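Down below are the structures I want you to see.
Each of the next two complexes has subunit A plus one other chain: subunit B in the first, subunit C in the second.
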Partner chain A sequence: MKKVIAREEHCLNCKLCEVYCRTAHSQSKDVIKAHLRENPVPVSRITVQGDNMLSVAVNCRHCDKPACVEACITGAMQKDPETGVVTCDESRCIGCMTCMTVCGFGVIKSGKFAVKCDLCQGEDMPACVKNCPNNALVYVEVGGAE
Partner chain B sequence: MNYIVPEFEIERNPNKCISCGACVRQCSYEVHYFDDDGKTVLADDSKCVACHRCAAVCPTRAIKIKKYDMAYKEHFNWTPTTQKEINLQAATGGVLLSGMSNNKPYPIYWDKILLNASQVTNPSIDPLREPMEIRTFLGKKPEKLEFDEDGGLKTKIPPQIQLETPIMFSAMSFGSISFNAQKSLAMAAKELGTLFNTGEGGLHPKLEEFKDNAVVQVASGRFGVHKQYLESGRFIEIKIGQGAKPGIGGHLPGEKVTVEVSNARMIPVGSDAISPAPHHDIYSIEDLRQLIWSLKEATCYKKPVAVKIAAVHNCSAIVSGVARAGADIIVMDGFRGGTGAAPTRIRDNVGIPIELALAAVDQRLRDESIRSCVSLVAAGSFRNSADIVKAIALGADAVYVASAPLIAMGCHMCQQCHSGKCNWGIATQRPDLVKRLNPEIMYKRVVNLINAWNHEIKEMLGGMGLNSIDSLRGNRLMLRGIGLSEKELEILGISHAGE
Partner chain C sequence: MKYVIIGASAAGISCAKTLRENGKDSSIDVFTDEAYMPYSRPIISYYLKSYVEKDNIYLNSPDFYKENKINIHTQCPVTAINAEKKTVTTAQGEFSYDKLLIATGSKPFVPPVENSENAVNVFTFLDMAMSEKIKSYAGADTDAVVIGAGLIGLKAAEGLRKICKSVTVVELADKVLPSILDDKGALMVKETLNKNGICVRLGDTVARCNREGNKVTSVTLKSGEEIPCSLLVIAVGVRPQTALAEEAGIKVNRGICVDKDTMETSLKDIFAAGDCVNSTDILDSCEKIIALWPNAVREGKTAALYMSGHGEKDSGSFAVNAIDFFGQQICTCGLIKAESAQELVSLKNGYKRLLVRDGRLIGFVLIDDAERAGMYTYLIKTKTPLDTLTGDLLDTPSFMMFSKEVRTERLTGGVKV
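Our next item is the complex of A and B:
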């Protein structure tokens, strides 16, 4: 499957990936409205760790055997057998955040429901990759994960 | 009390700012900062250099950089800039430093020269339909060709450099610019079939793969010069002078001499790299001749040797001497040429325009019948393809460009190269800034720029009814001056428009 790969040697710590992730997951899909007018402000599914000297954007790895899916007590967290994308079905999620505690990468955010990267399903390319100014994020086929 | 009024002012639109902090993290001059609430972004205008990095990275275009609108009592002579410079020197006692190139409003002769186009008597050529040659050869050309009885060539041709475009990248050392910037130029040169120039910084081991597209420079500091280095380049360039600072050497401050720079230059980490004003073994044309022939000897006469001089008052006599000293290529750098750092007064007041120098030199070499002994390369600010076409018609074989590709890589001419804080990752050695310039992206932008110029050069040649750049070289009949005095026209060797 295609995954978002972070290349820390090119990461600028500008955090525009976070801005555009929030925008892509907002009601308005508008960068200004999403941040200034929506309540609550959408949560970014990707987080830049580190500082200007060394930084890297971390998001869901869409693992072959996702611990979050195994740990989910309601079956809300699922891995699509065809695309390999791990998503949280908000209609079934009860916000217990067990998934967050078992994720080895710390990429599930807490909210009313578990919030995580869905690889911007329906788009050609995830918003974080499309808007990275320095090609520090690439969307490439990495195999496995069926 | 601070006597210096800021040059710029940051205007942040509160209806657009989303407090993402990208500007705060991206500004190496530390202009932007978060207020104590962690949300409101404030700015210290006095530190802003108008490099536009914040404005470019801002996802909502909330930032506008404006001229600081401080009124001064009108005085034609004592302008705000003049007063600021005096106050800077009154505070520090130092020599004023600047980066990039002469920013004073001297005449730009390229803008006073017009090109010809064919009409009825000889047809213009459409370069999209018919072959159009811009391939360029640099090197000493034989005076005549001799053939044996079977028609084979008897004359031994001196080493020639084949370029797929008359545009090369000027000398910018690893040290003055970042590794990523130099690598982008090297990658672009390889794809374009042209050359980049190592400057006086040695050849970084990671750029060895681009050695077939490298010009290696030997300058007064002799940094990074060894046999393998000399053999790496396509040609060797002895740098005598630089257009931005004729008569002045170079000074790479110790803080820019990182481990990598020290390895490439073969000097201790953190030590200032000082290139003396003169070469201490060259005090005459005869001394220069010795160095030219020593370098030829060291490379088994396989590499052409170029000599680069700044365009100054007697440059035609100097170039004549350099040609007779055995140089294969002569580079002339006009007073609008760029630099990583130069004393402001030198940058803005020393040297002459490349247009006049080039025309005078080409004519002198023709008058002395030694024009074909050397190739002439013009440098010192080519802003677009038309400037290049005009330079070739004035007699240049090829041109060097540097500022234009730097602009393609993000440079906004803030002229702070000497500070080492380049926010675009070009003129800096700070690892957090260098990585902002991703060669994968930037080399492509440089390639696009030069390819666009190549197309335009072909269009202009076609318009003139020429199908080869060789037919344009020194063809001043294709040029007309506009708004120039008799003397200027005489030096340029061109007629006035309407003649």
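Our next item is the complex of A and C:
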């Protein structure tokens, strides 16, 4: 499957990936409105970690054997057998955060539902990759992960 | 290949799914004595407090079982295993198997409580049928009493709080959630319960029920206090359901004994997984019952891989738990106490308690401070030496704590870009 791969040598710590992720997962899909006017506040599913000296953007690895799916107590978290994308079905998620407690990458955020990267399903390229100004994020065909 | 699975819950269903993923032509028959299609057991408290509708309790759509040719036999208890003939006796007759999984889970432990026998308003809280019964029995004028402040007791209490006039939890230990929390963490949870209108009596228990006819009307505690009670939930703990295995001659020692890598029992071709088995904790090498959903799912999967000849050693058990009570978020993992272990505590955001032994993380309690909690779980699971990490372990974990090599390897999965 295709995954987002981060190249820390190129990361500027600008956090535009976070901005555009949040926008892509907002109601308005508008950068300004998404940041200031929406309730619930849209949440970025990618996080830049580190500082101006060294940083890297981290999002869901869509693992071959996803710990979150195995641990989900309601069956809301699923890995699509065809696309390999791991998503949370919000209608079945109870927000217990067992997934967040087992994800070794720390990429699931808590809220009313588990919030995580869905690789911007339906788009050619995830918003974080599309809007990274320095190619620190690339979207490539890869083998497995953890 | 003919597979038979006893129990259609976490372990049983993950086994069935994995068996199907690894073989198209086998027959898979799953038996449950419950009346429901496979559902999420932990969700019963969310149903009680009307957070989820009945339609949303199920693990999979009915089509899923059809498409994958997994036959779920509801209301069909298995009454005997005949290991020599390789058959099981069920309410629908005999079924033969090549490989069998026992995933019979837990049953509630009900201690004798004087004068509680056959009362119409005394319940346990372990399955959907009970949750429905309690929900239809409880009302705005109900005084509810829950015996036991473990996970299940507190979940019942939280659900009942939404409905009842009063809810009192009585716990013999000196803290709530005694098996997963340290003293400080337990105190914080107790305060949250109190703030939300649940009375908690610690170091005490129900000595006697007082009743009118077939109804309990109040309970008398060991301390002498009498509390009005029109609904009593007994939730002091669960026991592995092992009778079937024992009668078949399978080795049982509290839980069903299994090979920790394969989940095979002492009898060939019979496997067991989930709450009904003794798991081996990778953190202290002790055999114990780890009655938690993710553990049951993983063990069911491992069993399936061996049953279908695709064996891959089990990655090992340890406790991980996430729960919330009235919005307070509690995540715990691993051990809560261990000899010669060191405690690291931070109160910066909520409450964070890390347990370190021999330079490795072996447990945590996180209350309202669980950001990236799974990264700690990763350190526990992989037994990462902490001296290979940089930064303060008590800060929110980040990939920057790893060396460049580890960070790159983990984030790219070895893909060169």
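Going forward, the second predicted complex is superposed on the first by the 143 of 146 C-alpha atoms of A that agree within 3 Å, B and C clash if a C-alpha of one lies under 4 Å from a C-alpha of the other, contacts with A are read in each partner's own complex, and residues count from 1 in each chain.
Here is the rule we use: contacts are C-beta pairs under 8 Å (C-beta built on N, C-alpha and C of every residue); 3 or more make two chains touch, one makes a residue touch a chain.
Predicted, not measured: the structure shown is a model, and the values here were computed from it.
> Comparing subunit B against subunit C, which has contacts with more of the residues in subunit A?
C
> Contact-wise, after the overlay, does A:G75 reach subunit B, subunit C, both or neither (first, second, both, neither)?
Touch partner of A:G75: subunit C, not subunit B.
> With both complexes superposed on chain A, which partner does A:R61 reach: first (subunit B), second (subunit C), both or neither?
Once the two structures are laid over each other on A, A:R61 reaches subunit C alone.
> Would you check which partner chain A:R92 touches, where first means subunit B only, second means subunit C only, and both and neither mean what they say?
Only subunit C is touched by A:R92; subunit B is not.
> Is A:Q49 touching the first partner subunit B, the second partner subunit C, both, or neither of them?
The answer is second: A:Q49 touches subunit C but not subunit B.
> According to the stated criteria, A:L12 is in contact with first (subunit B), second (subunit C), both, or neither; which is it?
A:L12: touches subunit B, not subunit C.
> State whether A:V31 touches subunit B only (first), subunit C only (second), both chains, or neither.
first
> Show which residues of subunit C lie in contact with subunit A when the two form their complex.
14, 40-43, 46, 51-52, 56, 58-60, 293-294, 297-298, 301, 320-324, 329, 331, 333, 370-375, 377-378, 381, 397-400, 404, 407-408, 410-415, 417
> Write out the stretch or stretches of subunit A touching subunit B in their complex.
It is residues 9-16, 18-20, 31-32, 35-36, 52-53, 131, 133-136 of subunit A that touch subunit B.
> Quick one: in the complex, what on subunit B touches subunit A?
Subunit B residues touching subunit A: 15-16, 18-22, 25-26, 57, 59-60, 431-432, 435-436, 438, 440-441.
> Of all residues in subunit A, which touch subunit C in the complex?
Residues in contact with subunit C: 3, 5-8, 49-50, 54, 56, 58, 61, 67, 70-71, 73-75, 91-92, 94-106, 108-110, 138, 140, 142-146.
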